[in-house]
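Naming follows writing order (A, B, C, D, E and F), and every chain is counted from residue 1.
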Amino acid sequence: MQTHDAKRVAIIIEAPMEKRLTRALDQADVTGYSILDVKGGSGRSGRWSGAGHIGSANGMVQVVCIIRPEKLDGLLESVFSVVDKHIGVVSVSDCQVLRAERF
Amino acid sequence: MQTHDAKRVAIIIEAPMEKRLTRALDQADVTGYSILDVKGGSGRSGRWSGAGHIGSANGMVQVVCIIRPEKLDGLLESVFSVVDKHIGVVSVSDCQVLRAERF
Amino acid sequence: MQTHDAKRVAIIIEAPMEKRLTRALDQADVTGYSILDVKGGSGRSGRWSGAGHIGSANGMVQVVCIIRPEKLDGLLESVFSVVDKHIGVVSVSDCQVLRAERF
Amino acid sequence: MDGILSLALANLTSPLILSFVLGFVAALARSDLTFPEAAAKALSLYLLFAIGFKGGVSVSDHGVDGSLGLALLAGVVLSFLLPIIGFPVLRTISGLDRTNAAVVAAHYGSISIVTFVAGTSVLESQGIASEGYMVAVAAAMEAPAILSALWLISRGEGDRRMDAELWREILLNGSIVLLIGSFFIGMITGQDGLREIESFIVSPFKGALCIFLLDMGLIAGRGLRGRGGGLSLGVVAFGIIMPLIGASLGAGTGVLLGLTTGGVMLMMVLCASASYIAVPAAMRVAVPEADAGIYLTLSLAITFPFNLALGLPIYLAVAKALTGA
Amino acid sequence: MDGILSLALANLTSPLILSFVLGFVAALARSDLTFPEAAAKALSLYLLFAIGFKGGVSVSDHGVDGSLGLALLAGVVLSFLLPIIGFPVLRTISGLDRTNAAVVAAHYGSISIVTFVAGTSVLESQGIASEGYMVAVAAAMEAPAILSALWLISRGEGDRRMDAELWREILLNGSIVLLIGSFFIGMITGQDGLREIESFIVSPFKGALCIFLLDMGLIAGRGLRGRGGGLSLGVVAFGIIMPLIGASLGAGTGVLLGLTTGGVMLMMVLCASASYIAVPAAMRVAVPEADAGIYLTLSLAITFPFNLALGLPIYLAVAKALTGA
Amino acid sequence: MDGILSLALANLTSPLILSFVLGFVAALARSDLTFPEAAAKALSLYLLFAIGFKGGVSVSDHGVDGSLGLALLAGVVLSFLLPIIGFPVLRTISGLDRTNAAVVAAHYGSISIVTFVAGTSVLESQGIASEGYMVAVAAAMEAPAILSALWLISRGEGDRRMDAELWREILLNGSIVLLIGSFFIGMITGQDGLREIESFIVSPFKGALCIFLLDMGLIAGRGLRGRGGGLSLGVVAFGIIMPLIGASLGAGTGVLLGLTTGGVMLMMVLCASASYIAVPAAMRVAVPEADAGIYLTLSLAITFPFNLALGLPIYLAVAKALTGA
């Protein structure tokens, strides 16, 4: 089956920054992404768990974008402008997609 | 530690199609997969968010299968038969697995 | 934008083993990981779904660690000590990260 | 007329409607107020269980007579008919293509259980009785409209996409099963059963409905903000005209069946309301190329609020006039 | 005998059982009716809090005497003993291997708190009092059976897998902590405390239990559909025989301890019921090679419904006969 | 003095506090008892809706006079002032850097709605009335403190990070919108509206609050275990001293405004309590370099329990003394 090269960018970021990040993505013309809940984790700022939390100040989300390779740099720059001072991990990996016309 | 080549297929699809997709996977003899909730996202059909939704018509899920490379084509074909006309993103990436006898 | 090589390890494991796994990661000096809920799936032990379950005996979680390549072997060994007899899938893939000083 | 106005005003200043308005306004103002999905789902299961149970108890009180069968039959026929009536109307005033028009029309043959629940709640505060079996009619009307939509589409294209599996899914969808199931439980256990769980399903019911409507307001408001701008005037107009057409047919049917004032009103509510759970889920699977943004938004953000705020008092006033109450 | 039958019938047509049946049937019919996990969890915490609190208040009313200590001790001993009694029975009639048989047997030494709650609910509707501290006995019986299972396994293999950490997890698992904690809160605050929160934990209790049993029915039905076919006849038989063995021992113990009719019945229920929360979670960690499909399905889809539908009225009738009530 | 002690004791043995203690102890003992996030969120929406609604009804009963405006103004001024007063105190006793100190101080200008709810609950059980509009004052005090914190930071650095978007987010955050919205619903529908949903928002309220406090205890205990050790003595001391400073200012303001005993007490509670929802969320965005471990832990695990267990009875006793009740 015919597949096409693409990049998969996964950004783990604090829930209160979610809207700012997706706005930055929209502005960078990245209109395809999915958001998954992160229910706990650990990092330089220690462990945390969403269990029982009542505000959103404490949670994190993972935003996944699959994009054409040539759009990667633009995306990373606009992501970086948001993530910069913030807690968060950005990882990029290669992938193949079906139906390239969608991206 | 000894690892083995494998493929990681991630399919993002509408929640009402979940059962049809997993049935297609079962029929293609792909019996290992995991399903994760997607809580929101954006695509050609605009933004959406699961927050507060009461039916499942609006949600999406991510189905992740890790398979032996030689099974990829069969899998993609049966996935495609389901995803075809539907909203959804299919991405494939290389990975390594422990305990290859499990796949 | 400057990126650095890294490994992305994804471990799908039974919820009751989550704490044991993260303890093993902490002991292997892997302090960065995120935990996502898995809401259903299928494997050699059949299909399952979290829907409506009341205990945690039945659920699974996905633990994702992004680490420097040189730390991979240590991580896999300590993961293996926990996952060994247990249900669970461990996959490793290559990725790039921003801000390598964080890892 | 005066009656309608004062009823409408009383309705508009009830905690139920105001809760919906609060959610609606909060969403339009882009507040981050949200209801956890799980809580909204649980609340909707509670409402279904309670409404079904109470309907069953009321049938056990009054016994089942032939009118139940007739009402069920009438409901099924109306559910089939309404999309077929709505389809040409919608095509004419909106210019939607055949597929989208058929799918939108299907929503109006099916029902919105929350509108129904709000209707029973209005009846209760006015002390007006109604046939307990209207709950069963509601359940019976959920699905037939889907068939009409597929028939409308296939007339153009000549294909069908409904397989046995999809039918099973639709007919055994959670809402229908819970509604019918709790209806039977209520019928079997009657007043004795009701007494045991009254303080769970009766007393807190209205307050729980307030919270649920708050959430519905949030969803409707977000829908309108997200996609509302994209709805053409013709489509929006349909979202208000069609309930009135449906209600008229419902009123006629109710009177023909000899229902009580409350029964006529509820039959009107069922015909006037549009599905936003069962039908959209089925359409996603069967007609993926239809634009969910249109049908979900129209049903949730236009028709639902219209029925809630203006429809209910109108339907009640008409039902009163027709039954001479 | 006649008493049992009419009791059984009354039980079978109570909203509680019918709700369970509704869920069970919906699952077998492959309806997509599901309960959000979070809501089910929240409901179970509510039930635990309410049952613990009410038990505590009742102890504060009647004071603590020596019988509490004796009952606790008896509960712990029975929890140890029941798996050891069940193990050879299961091996004989099912041919399961040592590990799986031991793990299954462990579930029957521990308890199902929902069965216990349903039991108190049956007592309440019959106006029969019971010892408030039975809640504490329930908590005490959750864990010891696990030890018996590990001992049974190790006799064959000579290894143990329980570390201090796992013990801490089991003894401080959420259900035990909440049950014991709310028991103490009830004991400390007594009737005054109860009055403050009565309309939260007493009046809506039975209705909430209905909804919870509906969900249990869904889970049991899905379990049976998924794995039920895989359970051998011997295993299924064990799921019905073992409760009866347990109940007999519980009855004897209850009478020896001089408990009231209600207390004897609840002791029988505790011994007859099988764990599906605490023990499975511990077994997943300690004995991963055991087949969760067997123990979860048996406990949830066979023993739980059996106790709920037939066990409770039988146990009550026997308790009445034994205590001459 | 004696009054305070007996009040404190009554408070400490109420189901509310004991539920909190149970959660706290369970978390410290590392029990896996957890509350699903969705359920906790839903419960908090319920509490906000109920408290807002009841406040509105009470205003509709007594009419609005000038004192409402004055109280709102006073609340806003206090919210601005408290961080500016707290900041040098905190810097002196803890040695935190400017940024972290400003951010921590901001939490004490804002309010904790659960502490407020617990305060109204104490008043209710003592049969003491209070101004219904205190709910509106609570809402008004949520946000201004954030501005003070940013001003304190910018004096050192000369930059600001608040954009229009963030302001909108803060002012329209879910809690504020729900509180104000349900306050208006209560005001509009008055006693009639209350009667309709009373058995949902009044009778089960205290029990629901127990469950919520149980969860708060779990969160506070986990916070303390995770990060508590890392809080310096000076920071912890601030978490107890600052509420007392705030309460004193609140008491003075309440008396100057001529509030009732209940009103004075609630004003003290608002000033004494520290935010753990609105302010942390804003600070995460606006001042990401501040250490969330400090401000969240302090507010949740030190100040909240202190206010709940000791603060409330003290504030009530002082309010009584000052108003001669």
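Note that a contact is a pair of C-beta atoms (placed from the backbone, for glycine too) under 8 Å apart; a residue touches a chain by one contact, two chains touch by 3 or more.
Every value quoted in this text rests on a predicted model; they were computed, and no experiment measured them.
Student: Tell me the fewest steps from subunit A to subunit E, where a step is a jump to a chain it touches.
Tutor: 2
Student: Chains touching subunit A and subunit B alike, please list them.
Tutor: Touching subunit A as well as subunit B, we find C.
Student: Work out the mean Cα position per chain and let me know which chain is farthest from subunit D.
Tutor: Comparing chain centres, C lies farthest from subunit D.
Student: Would you mind checking which chain's C-alpha centre is most distant from the centre of subunit A?
Tutor: Following the centroid criterion, the farthest chain would be E.
Student: How far is the middle of subunit D from the middle of subunit F, if each middle is the mean of its Cα atoms, in Å?
Tutor: Computed value for the inter-centroid distance: 41 Å.
Student: Round to the nearest whole Å and give the separation of the Cα centres of subunit B and subunit D.
Tutor: Roughly 34 Å separates the two chain centres.
Student: Taking each chain's centre as the mean of its CA atoms, how far is subunit B from subunit F in angstrom?
Tutor: 45
Student: Return the residues of subunit D touching two or more other chains; collapse runs of consecutive numbers into ranges.
Tutor: 32, 34-39, 41, 169, 199, 203-204
Student: Can you list every residue of subunit A that touches 2 or more other chains, as numbers and ranges?
Tutor: 36-37, 47, 56, 93-94
Student: All pairs of touching chains, please: list them by chain label.
Tutor: Pairwise, the chains that meet the contact rule are A-B, A-C, A-F, B-C, B-D, C-E, D-E, D-F, E-F.
Student: Of all residues in subunit D, which touch subunit F in the complex?
Tutor: Residues 13-15, 18-19, 22, 25-26, 29-39, 125, 199, 203-208, 210-211, 214.
Student: In their shared complex, at which residues does subunit E touch subunit C?
Tutor: Per the touch definition, subunit E meets subunit C at residues 34-37, 40-41, 44, 165, 169, 215, 218-219, 222, 226-227, 276-278, 280-285, 288-289, 291-293, 296.
Student: Considering only the defined contacts, which subunit B positions touch subunit A in the complex?
Tutor: 12, 36-44, 47, 60, 62, 73, 76-77, 80, 83, 89-94
Student: Would you mind writing out the residues of subunit A in touch with subunit F in their complex?
Tutor: 14, 16-17, 19-20, 45-58, 85-87
Student: In the complex, go through subunit F and note every residue touching subunit D.
Tutor: That would be residues 36-39, 41-42, 45-46, 49, 53, 168-169, 172-174, 177-178, 181-182, 184-185, 188-189, 193, 196-201, 203-204 of subunit F.
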